[in-house]
Structure formats: C-alpha cells, structure tokens
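Next come two complexes, and both contain subunit A; in the first it sits with subunit B, in the second with subunit C.
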Partner chain A sequence: MFIQQLIAGLAMGSIYALVAMGFTLIFKSMKLVNFAQGDLFMMGAMFGYTFYSIVGLPLVLSIIGGMVLSFLLGALFERLALNPLKNAPEMSLLLVTVATGILLQNLAKLIWGPDTLPFDTFSEVQTVTLGGVSIRTQDIVIVVVTILAVSIFHYFFQYTQFGKALRATSMDRQTASAMGINVRVMILLAIAISSTFGGLAGMLIAPVYFVYPTMGVMIGLKAFIASVIGGLNHIYGALIGGLFLGLMETFVSGYISSAYKDIVAFVILIVVLRFLPSGILGKKAINKV
Partner chain B sequence: MKSKLKFLNGILLLSLLLILTACSTSEGDAASSEGPIILGAYGPLSGDTAQYGESMKKNMEMYFEEVNSNGGIDGRKIQLIVEDDEGKPDKGINAVKKLIEKDKAIAILGGPLSNVNLATMIETQKSKIPHISTSGGNAKITESGNPYILRVVTKDNAIASAVAEYTANEADYKKIGILYSADEYGKGGGEAAEAKLKELGIEPVGMEVFNPGDKDYTPQLMKFKEADADAIIFWGFYVDGAILVKQIKELGIDAQLIGGTGLNNPKFTELAGEASEGVLFGSPFIATSPDIQDYVKKYEDKYGQLPDMTGATGYDAAQLIVAALKEVGTDKEKINEWLHNVKDFNGVTGVLTATEQGDLNDSVKIIEIHQDGSQTIAWDPNN
Partner chain C sequence: MKLNNKYLMLLALLVVLVALPFIVTNTYYLHLVNLIIVYSIIAIGLNLITGVTGQISLGHAAFWAIGAYTTAYITTTLGLSFWISLPLSILVAGAIGIIVGYFTLHLQGPYLAMATIGIGEITHQVLINWTSFSGGPSGVFGIPTISIFGFEINSEFRFYFFSLLFLVLVYSICKAIVNSRYGRSAIAIRENENAARAVGVNSTKVKILVFGVSTAIAGLAGALYAPWVNYISPENFTFAESLLFLTMIMMGGMGSIPASIVGTTAIVAMSELLREVEQYRLIIYALIIILVIVFFPKGIIGMIPEKFRKGVVYPDFKLQGLGQYSKVIKNRFDEKDKIVLKAEGITKKFGGLTAVNQVNLQVGVGEIRALIGPNGSGKSTFLNCLAGWYEIDGGVFTLENNNITKLPIYKRSKSGIARTFQNILLFNEMTVLENVLVAINEKNKREKQLVQDAYEILEFVGLLDKANEKVSNLPYGHQRSVEIARALALYPKILLLDEPAAGMNDTETAELMDLIYRIRDKGITVIVVEHDMKLVMGIADFITVLNQGQILAEGTPLDISKHEDVIKAYLGKEAVNAVS
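This part shows the complex of A and B:
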C-alpha cells in the first residue's frame, strides 16, 4: 500500500510541479503571479484531446502539437493581454491574468462544450505489477515525462544563449536591458514556456482526470500554493513544492482520511507563510528602495 | 487621484449597464391571461455534472415544442426559461429567484441534483410556487414537509435499499463495501444502503467517503482490497463513477461495482470505456422498456442518442405540468393541489401517483451495462 501511495503522490506532485514552474518562471521574469496558469493547463489538455481523439493523430505527435499550440497561446497571451499593459500598475496586470483565465474557461466551453471528455490512457497496458504491487502505468508516464521535460528545460536555461539571456532578465530587467538583451522578447519567451509546461501537465493528467473546461481551477490554485511553498522566487522551488504537496495529499488521504485531502494544501500554505515566508528554497526578499 | 476617479466611473458605467440589461429582458407577465405561459427550469449546464442539466433541458424543450406546435394550452404557448445552477446550491438559489421574480415563472421544474434542490425548494416554498423536482433523490427533499415540492424520481433510500437487497440476496455477495460522495446525494444513498444491509444481517466491510470531483481513489480502494471486498456499492455521480471503475480495474481489484441513479447516464459508459462492462446500477428508468418506445424514438430522432434517467424525469415533469395547466389553468395554488393528487399518470419513468409528501414514483430496477454499452434489466423487484 505504501508503494502505491508513494507513486500516486509522486505523479500528482509532478503535475503540480510542472504547473507551478510556470508560476515561478513568470514571477521571476516580471514579478507577476499569473492566475491564468491553471486555465493554460486546461487549454493544453483540450489541444491534446483535439489532436488525439478528434483528429486521430498518434499520441506523441498529439502531445507535441498540444505543446506547440500551448506555446503559441502563451505568446498570444503576452502580446494581446500583458504587453499592452507593460506600463500599467501591477494590479492591472494581475487582474488581466484573472480575466484571461475566465475568458479561456468560457472559450473552452464554447469550443468543446461543458461536458467532461474522455481521454484514452497513453498505454494499452494500464497497470504493471511489481512484486505484488500493481502500479498505474499513467503514473509512471507522468513522472518520467516530467523528469525529461524539466531536464530539457534545465539544459536550455543553464547552457544556451537564450537561456542565459532569460536568466539575466529574471535577475535584473534593467541591467539585462542595458546589456543589449531584448527584455520584452525574453518575457514573451518566459510566458510561452510557462504555458507550454502547463499544457504538457494538462495532457499528462488528462487520462486520469478526463478533460473539461473547469479542470484547471483547483490545479491552478494548488500549483500556486506549491510554488509559494517552494519559494516563488526560485524556479526549482516549484519542483520541491509540487512534489511535497502531491505526496502530503496522498499520504493524508491514505492514512488519515480522504475527506481531509483538499485541506492539506491550505494548512501547509499557512504554516509555510508563517514560518518560511519566502518558501523552502527562498532567500529573504530584499526590497531595494 | 485621477485613476481613482476613472475606476469609480468604470464601476458606475458597469452597474448602469447591468441595470439596463436587466430591464430589457424582463418582459411578459405570466400572471396575465395573455401571451405565453412562462415556466422556469434549472439545472447544471456547466461543470462536472453538466450532462444532467443538458439532458433535462433537451427533454423539456422537446416536449414543450410538441405541445406548442399542437396549439399550446388553450391557444397560449409555453415559454420555458432554463437557468444554469452549475451544480451549486448558491447558484441554484439565484437561478430560482431570477426565474420567480424577474421572469415571473408560474412553476419551477428541476433540477437534477439533490444538494441544489434542498436549497432551492425553500425559495419556491416562500413564493408559494409549485416545484417539480426531477432527479434529485435525497429523501429529505420530500420528507421536509414542504407543501409545494413534488419529485419525479424514486427516492434514493428506496433505490439504495433495492440495490443493497439485490447485492446481498439476489447476487449473493457477502463482503460488501460502500463508497459514497460527501454530499447530500451520496450520504442519503450510502447510509440507506448500509441500513438495508444491516437489516439483512450483513455488516459492510467498509464505509468510505470521497469528495465529489476527486480523481484518485487509491486510498479507499486499497482499504476495500485489504478487506477482501467482493462487491462495492457506489453512490456518486457519473464522472466520479467512471474514474472509480477505471481505477478498480487498474488496481487489480476483483469486485463488482453496483451504483445508483448517478450512473444512469450514457456519458458514464463513454468515459469509463471497457471498464463499464458488467457494472450494475439501480434506477427507475431504462430506455429499452417496451411501453415507452414512442418517446425513446422521438428523442433519438431529434438528438441522435438514447434518453437517460435525468432527462426522462425532466420529460415527466414537463408532461405533468402541461397536464395540470390543461386541467386547472394558471392558478399556482390549483396547479399545486392538482399535482399533489395525481393518480396513475403514465410517465416514461413509471406510473406516477403522488403521495402526501409529494413523491410521485416508487419503481426501481437493477440494470446491467454490457460490453457494447447496451443495458438490460438484471432484476426487477416488482416482478
């Protein structure tokens, strides 16, 4: 039973982590909490569903297609909603992300309808049995793909020219700009990548969750909490926060009661904000005057 | 300062717009004896349970269109206004208030969910408006003593008792676990099933709860597995049920799933896929009943799918209100009185006779889902 709970917790944690990385990436690059992140996650699942179940493309192509569309959607979001407000107060930007979330939910309702849509499991084999313990293959897929995606991102972020420019932007926009980095392009890129992470998570969880227009609401909230737990100012804090939250939720519902599952996240959030306001990995924020 | 003013202006403009739109749509007064007769209905048209509201709406629209094309009621057309309750009690109250106060509906039909009905029926009682609940099965709806409520679907505790009786006696399972959603619908059914099992001398091997919308049932299922359960009685909605039945198969648990009316929806089979084969559920309605084939055919021709229980109870609610309007006209008190005295009314969900409390139906069948998605009656306690 412990092993099964562990794997289920890691899988859920990976999903939180992917969505939460979107939060931290955007927060790092423009000090903005993007409340449309959960709905970008939902849109990714919808794109994947369209390619896979309606168009009938092979699975891998559908997922790549879904990620490309998520990337473009993120870029569009930056161009149409955030860029025009680049000189507006932070509150306006925050509200625009909330509005975009609502817009996306209703758009999805119009395009795909309000119903819950089925999404086939990635593998015909639904469970593998290891030493008498049966494990869902989808859980394994989720964990492996997450590791892969984060590794690719890490390589890109640390070792490529673009990645370095992105890091510079996230450290200090003004200095980066003075060094000849096109900051707006970097921000566009950060948001598009965030959206891609969200979309990928949406497609990974779709066979377990099914697909519906409001599927991103709770996930968005939980992932936001995960990113705060890990430290909003630290990109990989989201990973730690996400995995921690996923495991805690599963263990609490397994060993205490499933009725408390949703409370876990909020209790942890309160504890973290009280004792580690900058998150597990976060350093104390210094407000420069 | 300037931006503050702008903000205030914006709010003013917005509220003005809201008022204007509110005024422009509130036309027509059902209390008058001319113009269309306005009926209000509500149900979830979005969210996890949207399918229930959609099929209720489709059924009602189909029936009222037919009535209107046959000349309406004494020359007056019926106008149905359907509001979305999103499956939430607070939204349901707003929807019903809007239907009563703004649209001046003379009767309220729906909705499909118990938790919403329990909230909305207080509003209809306050306004003294006849209210025909469709598929909300919680016993409290009619047992609360509200004189304006009626209900088409068989009470959940009656269905749950039949399900428990079938599981323990007819199908002869001995180690039965019960899993129910932590809301009014789930609790009503889960507890009634438990009571019936105890009455039959069987102690359930586990009573487990889940939150509607939960996606992972590993913890609960592992407890059933450790208790060696051979059957699981499930009281919850179709999306949750579909995820559950898939996970039962995935975790290699060899137990029969037996559910309630919540699983009586074609969407359940679609979402669960192969895993739905062999699943049983208790419900008053099955589309293959020989006496309702006219209705089934009409529905299939119009919408290209078979009607389900939630929709069929909506169809019966529509039939009842039209019969009442034809008999006693548009007086709300008279309609309510007529509805509470209905006897042997031929509905598509059974022969309807009103009890003092307002329950109209008492039929139950245990229905089995086959590999191709078709359904047959596995057990009918009345035969």
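This part shows the complex of A and C:
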C-alpha cells in the first residue's frame, strides 16, 4: 500500500514538476505568473492525441510531434500576446495570460469537442507486480520520462551557450542585454520551452486521466503552487515542490480522505506564503532599493 | 454656477435611474440590469484592492459565495431574518478576507493573486463537501425573499430599487475612501510600495484593511444575491466568476470607482450579445479582453481625454503664519553639540561578504555629514541599514536615546529618519502635492491643514508652482526635489540623501547645495552619500570615509583632503585641489 502510494505520488509529482518548471522559467525570465500554463499543458495532450489516436502515428513520433507543436504554440503566444505588452504594467500581462487560457480552452472545445477523449496507455501491460506490489506501468513511464526530460534540460541549461544566455536573462535582463544577449529571443525561448514541458506533461498524464478541454485548469493551479513551494526564484525548486505536492496529495487522499485531496495544495500554499515565502530552495529575499 | 451644474447632473442621473425600470418592462432585461447592479457592487470592491491598491485578487467569487451562503444558511436553515444575516454576511466575508490578507499581504508581488486562487478553490471544495451547511453540490433551494416590515422584495422591479440603494451606498463609501488619506496611502502603495514605506505608510496594514473592506463588500453582494435568485449552488461561484470580475474592472478602468460600473455594464452586455453565437462566445470574449489590454490598457474610462477627467481638487495655497516650512521641529541650533544619531558596531553581511563591518558613527544635531568611499565600500549599504531596509547582523542604532535597531521601515521614518533613493522612487501617477501629502499623514490634523502644510514644504524646496503637476511629467532635477520635499514632510530629525547630485548639472548642483544648507539651518541633520567631491567638500561639516566596509578616516573636509590613506584609496589629486 505504502509503496503503491509512493509511486503514484511520484508520478503525479513528476507531472506537477514538469508544468511547474515551465512556470518558474517564465517567472524568472520576465517576472510573470503565466496563468495559461495549465492550458498549454492541455493543448500538448490534444496535439498528442491527434497524432496518436487520429492520425495513427507511432507513440514516440506522436509525442515528439506534440512537443514540437507545443513549442510553436508557446512561441506564438509570446509573439502575439506578450511581446506587444513588453512595456505594460504587470497586471496587464497577467490578465493577458488569463485570457489566453480561456481562449485555448474554448478553441480546444471547438476543435476537439467538449467530451473526454480516451488516450491509449503507452504500454499494453497495465500494471506490473514487483515483490507483491502492483504498480501502474504508466506511473513508471511518467517518472522515467520526467527524469530524462529534466536531465536533457539540465544539460542544455547549464552547459550550452544558449542555456547560459537563457540563465543570464533569467537572472538580470538588463545586464544580459548589455552583454549582447538578445533578451527578447531568450524570453521567446523560455516561453516556448515552458510550453513544451507543459505539453509533454499533458501527453504523459493523458492515458491516466484522458483528454478534455478543461483538464489543465486544476493542474495549472497546482503546478503553480508547486513552484511557490519550491521557490519561484529557483528553477529546480519547481522539481522539489512538484514532487512534494504530488506525494502529499496522494498520501492525504490515501490515508485521510479523497474528498479533500484538492484542498491540500491550497492549504500548503497559504502556509508556505506566510512562513516560507521564498520557498524551500529560495533564500530570504533582499529588498533592493 | 459650477455647483449648480453638478447638482443638475445628479438630478438628471436620479431621474434616469428612477425611470429605468418603468421603461425596461421586459422582466428578462430588468433581470440583467439587476445583475449589473449586484456585479457592480463586487467590481467596485475589487477595484478598491486591485485597481486602487494594486493587489490582484483572483478569488473574489469566494467572498461573494461566503456572503451568499451565510445568508442562505441563516435565512433558510435557521429561518432567521435577512436583517440578521446581512451584517453577518458582511462580517464573515470581511473577517476571512483579513485573515487571508494577514497570511499573504506582508509580501510584495503577485502573492495575493496566488493565495486568492487558493481561497477560491478551498471555498468551492468546502461548499461541495460540507453538506450540512451548504447542501452540497446541489446547493440551497427556496431561499426566502427579503422582507421589509412585511413588504416583500419579490419582483425584479422591487429588487431593482432595493439593490440600487446598496450600490449607491457602496459607491459613496468607496469613493470617500479613495479620496481620503487612506486612499492616498493605498494609491501610493500601488505606485511604489517601497517609497510608501519610506514615508511612513504601514503598507502591510493598509493592504490588509483595504482587502478586508473589499471582501466585506463582496460578502454584501452575496447577501443580496441569494434571496434574489432564491437558489444558489457551488457552481455559481467558481474561478471563472473571479476572472469575470477582474475583466470588468480592467474593461472599465483600473483604479476608478465609476469605471467599475461602466466595465460591469460592458461585460454583461457583451456576454448577452454573444449569447447568439454561444459556441464562439468565450473565444470572442477572450479575444476582446486581449485586444482591450493591448490597445486600451486604461480601459473604457481611459479613452476619455484627460482634461475631462478631474482628480481630487485641493484648496489653493494661503500663506499663513511664518511660512517657509515653519512647523519644522523648533530651531535646534542651540543644541548643536548634542548627538542625534549613534551607530555602534554596525555589521551587515551578504552571504560570505561583509559589506559593512563594525562601523561606529556619531552625528550631531544640525550637522551635515558626508559618507564617501569607493564603489562597494558600503556607504549605501550602511544607509539602507540605518533606514531599515536591511536587517543588520550586529550593532545598535540609537536615535536620541531611543534604540531604533529593530523598528520596521515605516516606523523608522515616523520616528525621524527620512530618506531619498539612489534611483528616484516617486508615486508617478500622483501630483507633486499628493506625493508630499502621502508623507505628511498626521493623524490628528484636518485635511485642509495638511494641504496647507504640504504647500509650505513645496514652497521651501521651490516647487510651489508645480504642485498640481503629475510627477512623471517633471524633468529629472525637479523629481529629485519632489523626493526631498516628500522626505521633509515627515518633519525628520535626520535626512538621508543617497547620491542626490547624480546626473545633475552645475547649476542644479548649486541649487541643491543651497537647499541642503537651508534644511540644515532648520536644525535637521543631513547625512549624504555622494561621489561629487565638489559638493561633498563644499557642504560637509564632517566626512566619514568608508573602505571595504570599514571606516578608513573621519574628519573635516580639510583633514580628509590631506589624509594620505584616503588619497590613496579614493580621492586622487583632483579633489585635493578642489579644496585648496
């Protein structure tokens, strides 16, 4: 029972972590809370569904295709909605992300219909039994793919020229710009990458929860809480926050009551904001004047 | 005549409002009008916290729900009167708002937005699961209509007049709040929270209180809503509704109370028109929001040219009494030998770097003290420690026998330490006069007197003719003066100037030096961090040289200009020539 919960929690946490990393990446590079993140996640799942179940492409190709489309969607979002507002107040940007979320949800409803669409599991074997414990194969797939994706991102972020420029931009836009980095391109890239992460997470969770236009709403909110728990100023804080949240939720619904599963995240959020506002990884912020 | 015009307008408005339900006889349309009234109440409250104070709430539907369910429970389950449930709805929603504010509003940034999403979701879940209170997912049926001594508010027509009264009430209260000194503090927080704290505004408290008022108003709207529609369920109060309210004030115009009603009307009308194309409705709706934000960031009200929109009108300046900043603490020049500030063993570390190391300093009444040193020597850091921006790792600050080491920024400002900033921090959307008024906020004085005091300060720094200009329209030099005027409005014992001459030409620097002398002549101690050696050597009574976080030398300008270590570490030959 415990092991099962643990694996399920890690899987859910991985999903939160992927979406949350996108959040943090955008927050760090442009101090923006992107409320469309959950809907970018949903769009990824829709793209994957289209390639896999409608077009009939092989699984791996479908996922890659879904990621490419998510990347392009993120870039489009930046060009059309965020870039024109580069000098606008924070609140305008925030509301634009909210409106973009509504737009994506309803576009999805129009294109794919309002109903829940089934997404086949990646493997024909539904569960595997290890030492007497049966575990959902999709959970294992989720955890493994997440580790893979985060590792690739880590390599890119730490060691490539692009990654370094992206990091510099997320630390200090002005200085980065003075060093000859094209900051707007970096922000475009940050948003496109976040969208890709979201899309990947959407496709990973699709076989478990299926695909529907509002599937991103709750995940988006929770991923965002995961970012805060981990520390919005630390890119890997999202990872820790996501896993923590996934585990907490699974254990609460497993051992206490599933009725209050969705409340857990929000209670943690409010407590963290009061007592640990910079999150688990964050240092105490200095108010620079 | 102007006054008459105003009353004429009000009368016309009254006639229109009274005539409206007689003209709109279609029940459905009247229902929409009533919906606009209820939504407007919420939108006005939301505008108070989001538009005026600059703190985004994404959970106002929750407070609306709390009001509605409180009334539903009391009038339906308990069978008590609406007149008992109304105050309780307001109270409960307001109290929960204050608790949420307490948990989040000590932070600067989008944290209220995050927490309120949380509250929205928690409320929704509790309403679904707490069946004995809320009736669970199916909601509460048969909520009795409101009765006033037996007169039932049981038609759209009657509810129109009933709810309109509350709208007028809420409108008037919020308008009064915005125009009061509390409103000014709130706007100052929106414009620049750091600067607001520096001039003595307890920003956390103001934000929490405004949020409490805002959520109480949403609670009121809920109390009106439940008996009107007779049936409520958790699905009436979701995240989507919270967003709806936000788009209403965005559409109308952030920060303007009347705009809240305009925006609400526009959004309700738009949703109604789009009902014809139901499946595209939300898509078009979202696109319109994006277009409005991109092309009309100030909303519908913002499309009206500025000259037709007037802000608060303040009385004119009347010179009275001594003028010339007469209310400054009495001339303390006879106490010149007294120590006003003592800093002992001040230490500040950033990670492994000790930016300020065991600094001891004593400054006298009416002294001009300069802090100089190479970049990174810890001057500005020391200033920020003294003003309360950095928590220090060791040491004690004493201001005239009072230990101020642990005081928060706003209390330090009030206790007598005023400051300006290296990068000018002003309340950009406010006028020069209003910038000063934010700082001059003395509890037991009447508004009229405060305005006159503010004028005197402006006269003192030479900005009287600019009193009603928006500060963002002023040239750089004047903006610096506004900052000094605002600091003087605290009637400080010590004025901290952080690189006041940066970016100034020679004439401006000379004017600044003159102003500093006149401030000193009022008995105010001036501590100035500056790189302009001509200014420093010219005005300072005493100079403290910092190097690598420690005091390298102290003395009169003449002593310092001859000090070998100082010349080596910082000054070079040029400055020495400036003195001799």
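What we mean here is this: the second predicted complex is superposed on the first by the 288 of 289 C-alpha atoms of A that agree within 3 Å, B and C clash if a C-alpha of one lies under 4 Å from a C-alpha of the other, contacts with A are read in each partner's own complex, and residues count from 1 in each chain.
Simple rule for what comes next: a residue touches a chain if its C-beta (ideal position, glycine included) is under 8 Å from a C-beta of that chain, and two chains touch if they have at least 3 such contacts.
Just so it is clear, the structure is predicted and the values come from calculations on it, not from any experiment.
> Given the touch rule stated above, what does A:Pro58 touch, subunit B (first), subunit C (second), both, or neither?
Neither subunit B nor subunit C is touched by A:Pro58.
> Have a look at where A:Thr214 lands relative to subunit B and subunit C in the superposition and call it first, second, both or neither.
In the superposition, A:Thr214 touches subunit B alone.
> Would you check which partner chain A:Gln4 touches, where first means subunit B only, second means subunit C only, and both and neither mean what they say?
Once the two structures are laid over each other on A, A:Gln4 reaches subunit B alone.
> Scan A:Ile225 for contacts with subunit B and subunit C and give back first, second, both or neither.
A:Ile225: touches subunit C, not subunit B.
> Quick one: is A:Thr250 in contact with subunit B, with subunit C, with both, or with neither? Answer first, second, both or neither.
first
> Pick one for A:Asp262: touches subunit B only (first), subunit C only (second), both, or neither.
Both partners.
> Under the stated touch criterion, which partner chain does A:Ile102 make contact with: subunit B (first), subunit C (second), both, or neither?
After superposition on chain A, A:Ile102 lies in contact with subunit C alone.
> For A:Thr129, select first, second, both or neither according to whether it touches subunit B, subunit C, the two together, or no partner.
A:Thr129: touches subunit B, not subunit C.
> Taking the superposition as given, does A:Asp115 touch the first partner, subunit B, the second, subunit C, both, or neither?
After superposing on A, A:Asp115 lies in contact with subunit B but is clear of subunit C.
> Report the partner of subunit A that touches more of its residues: subunit B or subunit C.
C
> Intersection of subunit A residues contacting subunit B with those contacting subunit C?
Touching subunit B and subunit C on subunit A: residues 109, 259, 262.
> Which residues of subunit A touch subunit C once you look at their complex with the stated criterion?
Residues 33, 81, 84-85, 88-92, 94-96, 98-100, 102-103, 105-107, 109-110, 217, 221, 224-225, 228, 259-260, 262-263, 265-267, 269-271, 273-274, 277, 286-287, 289 of subunit A touch subunit C in their complex.
> For subunit B, which residues are in contact with subunit A within the complex?
Those in contact with subunit A are residues 45-48, 50-51, 54, 182, 208-211, 213-216, 218-220, 222, 226, 239, 242-243, 246-247, 249-252, 267, 270-271, 273.
> Given the complex with subunit B, which residues does subunit A contribute to the contact?
Checking each residue of subunit A against subunit B gives 1, 4-5, 8, 12, 109, 114-116, 118, 120, 126-127, 129, 134, 136, 208-210, 212-214, 218, 250, 253-254, 257-259, 261-262.
> In the complex, go through subunit C and note every residue touching subunit A.
Answer in residue numbers: 50, 54, 56, 100, 102-104, 106-108, 110-111, 113-115, 117-119, 121-122, 125-126, 129, 194, 239, 243, 246-247, 250, 254, 279-280, 282-283, 285-287, 289-290, 293-294, 297, 350, 384, 389-390, 421-423, 425.
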